[in-house]
Amino acid sequence: MFRILLLLSLFISTSHASDFCVADLKGVKNPAGYPCKSHVTVDDFVFSGFRAGNTSNAFKAALTPAFVDEFPGVNGLGFSAARLDLDVGGIIPMHSHPGGSELLIMVSGQITAGFIATDNSVFLKTISKGDLMIFPEGLLHFQLNAGNTKATAIFAYSSTNPGAQLLDLALFGNNLDSTLVQKSTLLDAAQVKKLKGAFGGSY
Amino acid sequence: MFRILLLLSLFISTSHASDFCVADLKGVKNPAGYPCKSHVTVDDFVFSGFRAGNTSNAFKAALTPAFVDEFPGVNGLGFSAARLDLDVGGIIPMHSHPGGSELLIMVSGQITAGFIATDNSVFLKTISKGDLMIFPEGLLHFQLNAGNTKATAIFAYSSTNPGAQLLDLALFGNNLDSTLVQKSTLLDAAQVKKLKGAFGGSY
Amino acid sequence: MFRILLLLSLFISTSHASDFCVADLKGVKNPAGYPCKSHVTVDDFVFSGFRAGNTSNAFKAALTPAFVDEFPGVNGLGFSAARLDLDVGGIIPMHSHPGGSELLIMVSGQITAGFIATDNSVFLKTISKGDLMIFPEGLLHFQLNAGNTKATAIFAYSSTNPGAQLLDLALFGNNLDSTLVQKSTLLDAAQVKKLKGAFGGSY
Amino acid sequence: MFRILLLLSLFISTSHASDFCVADLKGVKNPAGYPCKSHVTVDDFVFSGFRAGNTSNAFKAALTPAFVDEFPGVNGLGFSAARLDLDVGGIIPMHSHPGGSELLIMVSGQITAGFIATDNSVFLKTISKGDLMIFPEGLLHFQLNAGNTKATAIFAYSSTNPGAQLLDLALFGNNLDSTLVQKSTLLDAAQVKKLKGAFGGSY
Amino acid sequence: MFRILLLLSLFISTSHASDFCVADLKGVKNPAGYPCKSHVTVDDFVFSGFRAGNTSNAFKAALTPAFVDEFPGVNGLGFSAARLDLDVGGIIPMHSHPGGSELLIMVSGQITAGFIATDNSVFLKTISKGDLMIFPEGLLHFQLNAGNTKATAIFAYSSTNPGAQLLDLALFGNNLDSTLVQKSTLLDAAQVKKLKGAFGGSY
Amino acid sequence: MFRILLLLSLFISTSHASDFCVADLKGVKNPAGYPCKSHVTVDDFVFSGFRAGNTSNAFKAALTPAFVDEFPGVNGLGFSAARLDLDVGGIIPMHSHPGGSELLIMVSGQITAGFIATDNSVFLKTISKGDLMIFPEGLLHFQLNAGNTKATAIFAYSSTNPGAQLLDLALFGNNLDSTLVQKSTLLDAAQVKKLKGAFGGSY
């Protein structure tokens, strides 16, 4: 059997670096992602942070990401995930993911979800436990608890880091000049002022 | 306001074909996937087939796919999903996905799962509700119910059609000459004969 | 010399189909684009539609695209272009391109342009003739004539069909239920009603 | 409103690294490009170097690139640009771009441009202000001022670093053995000697 | 064992279309390649056309391609191959492959090969049986029999259809106006006339 | 001629880094590969290690890789190669390549080769000198000397690092618990014990 091993050594790389590339989060990213961690264990491929999020907030909602920065094992693999918790009446407000498409997988409860295509048509549906729904890359969408119980869902993304641009935050949660907000959205000055107040933007 | 619409018409494509490409399953695939369906509704983006699978079989297991052939909305988006049901003692036997990586998302129960890297190291873990585990593209892996209750999980894949090559079926479930099976695996003739019998291959 | 041609025939494909793939717009797209046109001439690679657009509208702006549907020669090449005309006071309101990044190339005049990153920081600059500015894929951005003369610019995109989602149209120019608009944006009911009127959405 | 911010913090990455990756030119490239710069401002997305180039040379031409080495903001975004100035009688001689396709956008003047496909067919056109013309990746092409005034154009490329292989320089501007040049091109020895002299190659 | 088969049916697609996509050469290509053939056999994955080519020509050379049009099995797989035969004194003249990199694998004999980078540096080497040499995508290169016996080699390409642009044919083997050839290459009129004669171009 | 050089300097990058990216094997990989070596010579593009491998082993086989770790010049180019030597009666046992498709190019002798698709169909053929055969990414396959003489072949891969998962080693050559091997493969305990002994796995 010694001779079997002789041959087989030819097949085996000295590392498994071609199978995967767990992120070394202390390394510097480039457009392909993080550098590969040199020593990996099974725990690099397991994520245990999907507990129920804290929904004691204005949106009665919590979003727990397992993107590459939280789950380094997805580096280079082209997917990631997140957990959604929506209390009764909760909502994930209008937003988009610049870097990837989203797949919503219902675990419990009922959600009304919608997205808007670039031809301006609306795709709206109320979905329940076991249903899946797609939100294509970069399109505005939202999810609203449509039932009388908490709703829980899993998101899968076609990217290790899909990003999220929340509409209200982008418009009202920063130092973008209020006149420019008004001109570029046609919202009334009073409306901009009110929401800048709510989202912490400078007016 | 008429004039607003004049400008805006310049922005809007006559179709939303650049946002997504729902598969026309009657069309002919090429390496990029199926042709785009010409008329789509929200139901093209919703999948409702994730019911509990029938686990009354030798493996006490059921796997319900939502790949592009079952869920045409994922065409061109680079992901898909599946549902796993494992009875007590159930197992998804050794297999690999040639076309994509797998992300296991535990919904209930306990699973012992493992994969083997090309440097021959083993990555093995028992995971529970809420845990995620990665199985990189093309590597052999398996999942076994490790608890006293049914286990349910969701799989996300980094491909619209990851494929699955089940080891026993590949070796024992077809007309591959038994002598070639023995030579290429070093399994004993009796073992090959026994499993060819079980999996329906010609001996 | 006859023999030179003998050899060289081995090098030459019977078609140039591997060099490019001009779109046959009557064919059916798949995720990789349109089928290739069978007979092409130089005119398939030339686009002459970049005349000054009609800016007699509420935004005093015109956007003339040369995406794959207008310029079939870009099919499969990963880029496209558009021309922007902004009268004094004109603006291209807040929008994003789900399918590609944008490169603005100033030809004449002055423009104040901005985009907002997913960490909510604002990138704002006033640029002039000869300047270039980047707007990364999927991020909200706008362009405003900042000078006393017409402004003209060219856009290049990293996609043959970047798409464009204009914020006001997505929110106010369709049949998306007004209550859902309010809940998902926190805009006041009166504001939603006013803009739905302006953009033609059903209230 | 404090509670709004609580939720929203879940959405916001601590950095915008997933939106873009401005090149740190002091870092080491890999096949995906440069490492990402850690601190960016709007000036990383703006390029102001597109002034008229110096055309006082034998070709009466100037080419001013904004590739990733001049414009680090394009890193990872899949496009770049250049400015072309051609005096009356000027020419950009026969060359190809190994790494990307080219889109010529006429700003002023008249240019006769051509490319040659691998089936050896010629695509030739005289184009004017406002016209676009495509030169597919890797194919030999040239551009010649065809009018009585200076011609100015913008190039967009489907790559952050398309490269350029100028035919005369590749053949005559280096130490490639003259006999090998003759054998591999069938040019006469005298012709090779003359052009090696002109382009600085060793004979 | 009946129950084993019950489960396993869940794993098996009704077709193997996700594993490969053999080209249906009668179908219409798009940028991703040819449509998939519906019924395949092992012969779709085997190519038997690599016989010694006819080298009775001016270059004493023969090139036998197994690109997608000759070997439909490579469709969508990102590689292809060719066979090279060079008689004593034979040469594959200066050319480039716009669509892919080339890997030369020496089977017998000796070859002097070179390529020129875009910074104009020359990479030149004489290689023998068993040696490999790389020619990166889009760069000018040539191969010359450097020994006293026939040389045979295999080429692998990083594309199913790398294309080939042979310099002399591109310049002298078509109807490109001779004055444009001279201006864009700085070759003398007499040289252009002579080679147009040899390569069959119209003068 | 000084003026020619003035213009041309505009065309030439200070490095050839956009043409290729030879691996610096001492650098840290990320999902796109190794960092680029700063100073390269022609020897970085030449590999001379394809000598006949040592086949004095149980499989009478030798496999000599020229993947990126042995041949740094392929970094970023999407291909690599290997040499196969099979004595009379020799075999490369059942295995798969998770990262790329394989192209077998017969140099001498006769080989019976087969692969198994995910629909469980078998593709089997005996091939001879000059034949090519494709093994699509991730599928189980094997190669067996089918003649009375040594067989030699070249493999090309559609990846710089295709990896190889040898079935017997993955199952029997590591510390994977024997009960788990039995459950996940349905092999008998005695068979697992015997092969664990042969391949060095812990029982």
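For clarity, chains are labelled A, B, C, D, E and F in written order, and residue numbers in each chain start from 1.
Convention: contacts are C-beta pairs under 8 Å (C-beta built on N, C-alpha and C of every residue); 3 or more make two chains touch, one makes a residue touch a chain.
The chain lineup, named per UniProt: A, B, C, D, E, F = Germin-like protein.
What you are looking at is a predicted structure, and each value in this text was computed from that prediction instead of being measured.
With residue numbers as the basis of comparison, which of the pairs A-F, A-B or B-C duplicates the interface of E-F in over half of its contact pairs?
Of the listed options, the interface copy of E-F is A-B.
Give the label of the chain whose average Cα location is farthest from that of chain E.
Following the centroid criterion, the farthest chain would be A.
Considering chain A as a copy of chain F, what rotation angle in degrees (nearest 5) results from a C-alpha superposition of the former onto the latter?
My answer is 120 degrees for the C-alpha fit.
Just grab the chain with the largest centre-to-centre distance to chain C, centres being mean Cα coordinates.
F
Between chain D and chain F, what's the gap in Å when you average each chain's C-alpha atoms?
Once rounded, the distance between the two centres reads 36 Å.
Indicate the whole-number Å distance between the mean C-alpha point of chain D and the mean C-alpha point of chain E.
The computed centroid separation for chain D versus chain E comes out at 26 Å.
Where in chain B do residues touch two or more of the other chains?
Only 12-14, 18-19, 29-32, 98-99, 118, 120-121, 124, 136-139, 163-164, 169, 173, 198 qualify.
Have a look at which chains touch which and call the overall pattern line, ring, star, complete or other.
other
Considering every pair of chains, which are in touch?
A-B, A-C, A-D, A-F, B-C, B-E, B-F, C-D, C-E, D-E, D-F, E-F
Which bits of chain C are touching chain E when the two form their complex?
1, 3-8, 10-14, 17-19, 21, 24, 27, 29-36, 38, 75-76
Applying the document's contact rule, which stretches of chain D touch chain E when the two form their complex?
91, 93-94, 96-99, 112, 114, 116, 118, 120-122, 124, 136-140, 142, 144, 163-165, 167-171, 173-177, 180, 183-188, 191, 194-195, 198
How about chain C: which of its residues touch chain B in the complex?
Of all residues in chain C, those touching chain B are 28-32, 53-54, 56-59, 61-65, 67, 69, 95, 98-99, 161-164, 166, 169, 173, 197-200.
Applying the document's contact rule, which stretches of chain E touch chain F when the two form their complex?
12-16, 18-20, 41-43, 45-48, 50-51, 66, 71, 73-74, 77-79, 81, 83, 101, 103, 105, 107, 115, 117-121, 123-125, 127, 130-139, 154, 156-158
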